[in-house]
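Scrolling down, you'll hit the structures one after another.
There are two complexes below, and they share chain A, which is joined by chain B in the first and by chain C in the second.
For the complex of A and B:
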């Protein structure tokens, strides 16, 4: 190694540079290095302080972002880590939303109860769908999972006690959102300090995001996570080295379904009523596609990427829906031109997906890697 | 037959079967577009739904707004669809050749979003009649009423199939496309230009999509943003026949079309516990049942996997 022109201390000792190696102990650690710990602290500070200087309207958008982030983390475990493409994710999300309506709103169950039921049903349905992935692969699996959103639509259309049949909506407004003494639905109260519903829901939703991310991170850095990635990279080889692909695939479908259902519960908090047309059937398919786009834009096979992607897509869409009408495109305000804001959103969404796939298929997560590389390689960063 | 209020006549059954064949032909046209692109380039093309949509609107624009002859408008819309397909291939799909299927699917989904929204922006969200010469006229065959538009659909689909057969069996370009689909490297080695093959297959898919859109909108149908969604029902048709098989696409289309019509006719009477509107789920139920028995569809190629 001494022939190399740039000899660092580690190279002199016959070891590769520290950036080139990842020890098993590092791989198993929850946070690697002091910088990541500092970043985690920064995130916690943001989390606690954001609701104090953001308007309630922005906070409810951020709560919606959280709902999508939770669902996307589940989908990323399935698609990004295990390589099983699902176009039926919205059906799992709808389980959570309708559990909130049927149990929380109409029967008055407490939050932990209907959240637990939603997660369990999501887990169960995922475990029922999972075995299809043992028989079907790639494109065939993707198309068969489309069936899920149509089956879900059929069930909701016929299950009359679940939703108001005429308008197809299930109320979630009166669902209790309490956790012990903390009432998020009415707004938190500490002594004399009273917070609004939006502020409280922001804290609850992003706490759930953190919990989901922690669970997902723990899955991916342990044996089952390595099994998932082995199945993704080559399932036959994985089987040869002793990974049970059946157990892995069914397990990840179940976990991803459970996370999607949890996301659905949070999703329903931001709405007064859940419309089954949004989450199942043809528009449900587009909802599933939105989830897939989130994890592509964020970064396949990264957990924080799912959160970044949810932020980019959902916040961006809501921003354009709320402010796009006056934005000038080619000098003409959108509302006077030939594109409506909805169509502008759709076109931008499509262009974003195309652009990322062509230019940066590793997603937003890799943009950070690029920045880091640039600084590490400086002054030779080309 | 136990129910007393039940009056299923042979004529009603014949009419249902006939309209099932007609609906199946429309699905088959959409599915053929999927299959030809998949066979040549291994891309599952979601943008096929927007070719269907754009084709319907182009035909409406020319036939109704510009008052051209309907058949001229139909052919011109097919040419428009072919050009659109080529442009998509040339600008985008070429760059991601050989990527994992998931990335390719999502690229076509991006195209779908852009094209669908631009189409709605240009032509507006409302449904409109195509004013085709067939309209809602029917032909009486004994006691059986057959819609003229359905007869035309069956005829056009048969013609398209015949053209398919002649093209792939008896033209050098068709043979080149089959060779490329079988083994791209070997085809390159004997001097077949893979780019031309890809371009032509996307063009054919675009033209077929436009034709399917016009057929879906003719007769009792209409042109509107919902046209693209109908095209998504063709997914089960395409996949249950097998992704690589044109024959499978047609068989799949017919199976799904007939199953849908028969379910709508028989299920409320014989299996009401399945709930209302079951005919919308029936294609997916049949698809899952068939794929679980034959995971690569009825006529699909089994993928060879090596360690």
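For the complex of A and C:
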């Protein structure tokens, strides 16, 4: 038994301290230390209980946040972790939305089937687009990926069986959202307890967020994820030490496309019908930029940052849409002045992105890191 | 030219008569040398002599216009840099090629990238294989960390570390690759005396413990003369002399190249 004053009490009892890393496998565990475990428990409690005290309207906003979070995690793998800028993310999201309509709604496929097709098509299109990143970088790659949203618009405009019956929109209301005995679309039912569609979709959507985040986290902490970050930081040296940049870039485009498509499926759940004008063409480009704003505000190169960013942007946009119309700018209410509320939204988020890039380029995630560091160093946190 | 005790069998690396030109500028002009197992060959020459170009040819970043390069009998001409790494070319960069946003452990693990197999799918699902691979290679990396006394920095992002430590991390990353031949591009450039001596000690230790073949490009002549088994002197891409450090130091052409004699 040690008599050293620095030895913690638990070690003195012959048991290693709870934070002690004994093996390499310990070092790789997800929930290391009591704080992380407590936080994980807290998240699960929130997940299970939120639908009980939130209104259905609020829950559908949260489900929309989930859809954006899933897509943003995919974009963050591409932009934040691999350094490949894409402005075509909305096109990948549209794949999921239209798969839900064409397969789920119009052909009555079950959820696992159209979700799988959406993810596979997203994966495939990503793998096709990926090779462009081998020759182009930075702004040039961004310009090429803009092309994607316009190609998508062209396809949706002309592929008539996809976007009937009302021009431009594809119904998703009747898509079955069932997993085995769990019917999320009609509302979950456990014995006598019946939940609404919104409550059920919240659970489904956020379970998918958790799954996506786990997959992304696993990728980033293993071989491929390290390769992605190596390509981002120093591509020549990555190649010289044995990382294949081509394979890495194509792979991450595919994974990112698949995640965006999954996000698109969830996105379509919150709407009765998807409108291709929202997801492709000029407004599709705006949607892609919204995704970029999410990961920049949330934190490039972090997975939880993508989720934080989705909260900030979706709730922020809602807030401005609800309250912006009467907000006085220079004494004149917005709608009576020279801006529409939508434009005000764009301007404010544009300013927010610029502000973050100048002051905290690592986004909300870095703010959290600062808070954590402050507490870790307490009482010497100056 | 080579001492007899090192001549046990085939040389590990055989470079024969390579030439490289960018337009009219001849960077390398008929350079040949061998590196034996466990040997340290130093390449010296004034700025622009073509030292880094040799490294770029060896790691397949440049493709020489003529000549041949063989490592353990495999040709390195026309392969991709990734393939060259897999065949056993490990390298450090003159101006550092570290991944600054990753920590020391991840940087070294990237050195072992070519020894690992799991791809996106196995990694994403955290399958048993990917997991075991992570653990096994982490063990190997920890050995390198210990060998180079990098333990205090394990979890620090390398971009935040001092230059001397970064140089050591880069050496560590090249070592983690388990290379057959290690290319060191000015490992002590910009270092103070103490850091230089540390680095020299590590290099001596590595040779003793791992028996890895090394090629060293360096301007610090004390280091070169102390560590090298043989020295290759270049000027404007043309080999001037090859031999033991003492022989090369005394060679009239080398003296002329450095001091500007009556040529």
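The rule we apply is simple: the second predicted complex is superposed on the first by the 329 of 382 C-alpha atoms of A that agree within 3 Å, B and C clash if a C-alpha of one lies under 4 Å from a C-alpha of the other, contacts with A are read in each partner's own complex, and residues count from 1 in each chain.
Going forward, a residue touches a chain if its C-beta (ideal position, glycine included) is under 8 Å from a C-beta of that chain, and two chains touch if they have at least 3 such contacts.
Note that the coordinates shown come from a computational prediction; the quantities given were computed from them, not determined experimentally.
Considering which of chain B and chain C touches more of chain A, the answer is B. Of the two partner chains placed around the shared chain by superposition, neither chain B nor chain C is touched by A:369.
By the document's definition of touching, neither partner reaches A:211: not chain B, not chain C. Of the two partner chains, neither chain B nor chain C is touched by A:57.
Of the two partner chains placed around the shared chain by superposition, chain B is the only one that A:351 touches, whereas chain C remains out of contact. In the overlay built on the shared chain, the residue A:236 is in contact with chain B and with chain C. Touch criterion met: A:251 reaches chain C, while chain B stays clear of it.
In the overlay built on the shared chain, the residue A:41 is in contact with neither chain B nor chain C. Of the two partner chains, chain B is the only one that A:138 touches; chain C does not reach it.
Common to the chain B-facing and chain C-facing surfaces of chain A are residues 234, 236-237, 240.
Only residues 59, 61, 80-82, 84-86, 90-91, 93, 97-102, 106, 109-111, 113-114, 116-120, 122-126, 130-131, 133-135, 138-139, 142, 173-174, 177 of chain C touch chain A when the two sit together in their complex. Residues of chain A that touch chain C in their complex: 23-25, 27-28, 215-216, 218-219, 221-227, 229-230, 232-234, 236-244, 251-252, 254-255, 301. Chain A makes touch with chain B in their complex at residues 79, 83, 85, 132, 135-140, 142-144, 146-147, 150-151, 153-155, 157-158, 234, 236-237, 240, 282, 285, 289, 292-293, 296, 338-340, 342-344, 346-347, 349-354, 357-358, 361. The residues of chain B lying in touch with chain A in their complex are 38, 44, 92, 95-96, 99, 101-103, 105-107, 109-118, 120-122, 229, 232, 235-236, 238-239, 243, 275-278, 280-281, 284-285, 287-288, 291-292, 295-297, 303, 305-307.
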